[in-house]
Amino acid sequence: MQTLQAVLDEIVAEMSAQADRGEVATYIPQLGKIDPGKFGIAVVLNDGSSAVAGDAEEPFSVQSISKVFTLALALGRVGDSLWNRVGREPSGTPFNSIVQLEREEGIPRNPFINAGAIVVSDILLAGHQPREAIGEILSFVRTVADDDTIVIDADVANSERVTGYRNFALANYLKGFGNLHHAPEMTLGVYFHHCAIAMSCLQLANAGRFLASAGMVPSTGHTVVSSERARRVNALMLTCGHYDGSGEFAFRVGIPGKSGVGGGILAIVPGVASIAVWSPGLNARGNSMLGSIALEQLTRRMNWSIFSSRSA
Amino acid sequence: MQTLQAVLDEIVAEMSAQADRGEVATYIPQLGKIDPGKFGIAVVLNDGSSAVAGDAEEPFSVQSISKVFTLALALGRVGDSLWNRVGREPSGTPFNSIVQLEREEGIPRNPFINAGAIVVSDILLAGHQPREAIGEILSFVRTVADDDTIVIDADVANSERVTGYRNFALANYLKGFGNLHHAPEMTLGVYFHHCAIAMSCLQLANAGRFLASAGMVPSTGHTVVSSERARRVNALMLTCGHYDGSGEFAFRVGIPGKSGVGGGILAIVPGVASIAVWSPGLNARGNSMLGSIALEQLTRRMNWSIFSSRSA
Amino acid sequence: MQTLQAVLDEIVAEMSAQADRGEVATYIPQLGKIDPGKFGIAVVLNDGSSAVAGDAEEPFSVQSISKVFTLALALGRVGDSLWNRVGREPSGTPFNSIVQLEREEGIPRNPFINAGAIVVSDILLAGHQPREAIGEILSFVRTVADDDTIVIDADVANSERVTGYRNFALANYLKGFGNLHHAPEMTLGVYFHHCAIAMSCLQLANAGRFLASAGMVPSTGHTVVSSERARRVNALMLTCGHYDGSGEFAFRVGIPGKSGVGGGILAIVPGVASIAVWSPGLNARGNSMLGSIALEQLTRRMNWSIFSSRSA
Amino acid sequence: MQTLQAVLDEIVAEMSAQADRGEVATYIPQLGKIDPGKFGIAVVLNDGSSAVAGDAEEPFSVQSISKVFTLALALGRVGDSLWNRVGREPSGTPFNSIVQLEREEGIPRNPFINAGAIVVSDILLAGHQPREAIGEILSFVRTVADDDTIVIDADVANSERVTGYRNFALANYLKGFGNLHHAPEMTLGVYFHHCAIAMSCLQLANAGRFLASAGMVPSTGHTVVSSERARRVNALMLTCGHYDGSGEFAFRVGIPGKSGVGGGILAIVPGVASIAVWSPGLNARGNSMLGSIALEQLTRRMNWSIFSSRSA
């Protein structure tokens, strides 16, 4: 069997040969400027070892991947009462759809579509000023990554604020149904800032380790969520982490993953590894095109699919 | 750690104490007659050992669980071209919804909602008379279960034919979009018959072994699908196996599963075990109420969730 | 002011110069064979006088226009209890949509979309064999037109039966909700046959006179519906008679009208005239393209819009 | 035949005996305070005579009825180019639905649902400050009513601003699709203020005269819109003026009408009369319950339905 490093190097080589790299998201000007030729991948194993290849140490905007961390933090804050305000089912609709909200009277289908993540931000805002809530989220991400150099890109956050009319629509709509407890612009302030967290693949893979390790950050031994909660977040990533492309990702890649429009994907092999991949071009469903392909290659070669008979 | 048998016995005892057992499906008269007090569970491990408890050897109507077997058989027949006619995404709508079909012009969201399974039946009918296609499906189920005593309950099949107006609507609708190649009543003849296969929990768990064993039937050594295909069927069971309750099942139970309105659930722990549970009362989403709870208990006590850090 | 005949002649001349004549419906082979160059118009005034121009005496398939007559007949049969099974609101969706039915649990939005007209056929079938019900409908049309030469085109009726999968889907769906009291193929037998009634523009305009004359057939003095009922059928034609193009027709033409995919339109100027126009090419909403334009010209030149200040 | 005054007096007497008066809208606190026992009606004939009964000279919040005037004004400003940004079809959905907007990519179905009226407000804001645009709308209403005492209730306007999350959602959603040219809060400032215009039944009936008189204000002889435009606004009121109760209103009452959640309805008998009725309690579709019943009685007794054979 190849070493993990050899597999990653091979994948980087293959991806560099790909002609069709998808489309870089342009709805936020800062994202539109990114070089579509970038590709990075990082794997951190539960034993503490890691391997990287390509542009794995260059920071990018994690965008919706941050929703994994806000969910974990909010569950720690309010426990399962969170599920009174957000569902746990795949949505069957695009990430920014408002249709489902009307049909289900203001309860977002899951915490990873925009509406659901906005409610999670609203929960984290309770008892705080937006600045404090943002600070707590960043602090949580630094804790799980064991890396105090992670920052928020303020330009990206402000850019979202200016152009995010769909998100303002969602927040006002939630408010109209009573499922937003703060002013829309306050809650969205939190939301836009956590989406603007920047991390490299290596930082992101580190930040995901607790989900591969039963809720514990291996490098510090600090348990940030219970093992049951880590398991459940993984389940939600599998069923809902790629919007209306979640089924396809499960089918092809076979591990929990959460994508962001910045082109990043965080993926978890429970008990084994935390993986981050980055390629800015997106496929039709808004998920990183090469990132998805690379993860499919990786899980196949390492036999990491959670649906395969690993122990057989 | 408790033995598997002790865990099953405990679960049977707990389930017998449950007051709220859900509602038995009544839309087919034959299903409505079943005693709601029934409960059975069977686990077959990859090493060939097994454990059963409760009414585990009493046959029941597997209904939609049969869609797992028709999918596997159809993939063997036509390969990935099947996916030109059926999607791979959770539907976000109930099992018999027709709304999604109109929006997506006759391509069912996945092979486990009724519309998708009808297309799979249509594929299996190609080049055959309905009787032959039904025979092949039954033969496949007997092969994977290594059990020639499994039969189709003709009364149930005929009962569906008489009352299944929604399914006739779906089939005609698919036909209107050109996604049905045979006459609706022919394809539905196949569909109604495979849904009427009767198995006990033990037989059903045996029939699911190939999905836990990389595509091979352990008792015969016969490989019925490739390991990749087994893995992908598992992924589909996880994301789409419980209709619009799939996310909840993944969240709580954490393993691939497929339910039927007869109250059965087939669940797979890849590399480890095939599980079947049966309790006729259904929850609001149309999945076995006690069956779901029992599986949640089982996977928790055995640490079998595919989202947990088993190797950690 | 021009005479009515001069206006009709002018319109025929203008329409013959139109390059874009829309698309002839092809889903029924018999309709696809019609010469798209045909154009006819007939106006019958309440005073008994009439004017025709173009191909006004050539029979064509009235298709959905027949729904006006079945509605009037069914209201006479069961009165306002009809409205327990069919709504009175514009649908906002295409003529053959099934989405609305699911949302509203089997109650079609109005009697002019296919699902609603199928329920009306089902009402007319009560206590009859299909052949008898079809005979009664034809008899009613002959009575209101005062013309015993009107017939049903059996080839068209059979053609619908063979290809009408969408209608079979609708009928089965209605049946699944309990809003069809006969076997789908029986009710659809009635439906397909009344849609296959053939009339010329002149015959159709004659058949519509009772709606312009408070429910009375002027040539015979026979009252077929009450004046209130005639008024209400006119209202339904205005709000629902052109599917999701009804608002546009009201906006441009300004009188009650009912279109058919055969390219005909029946339009009513209450208290003044009954109009029939025929041009086989359809616009994007499935309504006669030139027929709509011709009616817009006619109502403008005659100042016949019911929304204009005629008496001012 | 009774005199008009006798008919109105009779209707007022009948309405005062009605036990079920519907529910007063409470989503704006100022509306919730209104006495549900109020009932007024005013009819202004084209010959200049008028009749009133009940609380016909007490001002109430016209709310959505104002959309008739903003539409007429905007059509005068930008002509038929308005229809590039708003449709002309009944919506089939409630007044504040956002579902249709997503399906049709930001083009509201018609100018009378909230989303459509917000776009009309946006058109009227072009080249102006909100204060100026509001001034122009009020000025137009005063002109058509020939009454300079009509004012905007600032408390109601501010109340809407504070609680109108659904409208903020709609405006932001429109903005996200590029169909709002100003900041949502600017356009909504205009929208909320014109909805807060207060008029008595008599003032409102006067304001509607131009729609019954081919676009001319009878008392001043001033033509404010062309006769064609008046006719078309009437058509839109008929097909879309009562949200998803428009078909029912056309069926029962049979004349163009526009309702508001304040309990008012403006109704037009083209060429004959302008009518205003007010009763604060609403039916399930959000239209004045007694107002609808009263108009049904009035049009029946006066034979004013545009669908009846008046001249017959």
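As written, the chain order gives the labels A, B, C and D, with residue 1 at the start of each chain.
In this section, a contact is a pair of C-beta atoms (placed from the backbone, for glycine too) under 8 Å apart; a residue touches a chain by one contact, two chains touch by 3 or more.
Given the structure is predicted, the values throughout are model-derived calculations rather than measurements.
Placing every chain at the mean of its C-alpha atoms, the farthest one from chain A is found to be C.
Once the centre of each chain is set as its mean CA position, chain B and chain C turn out to be 47 Å apart.
Averaged C-alpha coordinates give centres for chain A and chain C that are 55 Å from one another.
In chain C, no residue touches at least two other chains. All chain pairs in contact, by the document's touch criterion: A-B, A-D, B-C, C-D.
Chain A meets chain B in the complex at residues 46, 87-93, 100, 109-110, 212-214, 227, 230-232, 234-236, 238-240, 244-248, 250-251, 254, 256, 270-272, 305-312.
Residue ranges on chain D touching chain A, taken from their complex, read 97-99, 101-103, 165-166, 168-173, 175-176, 184.
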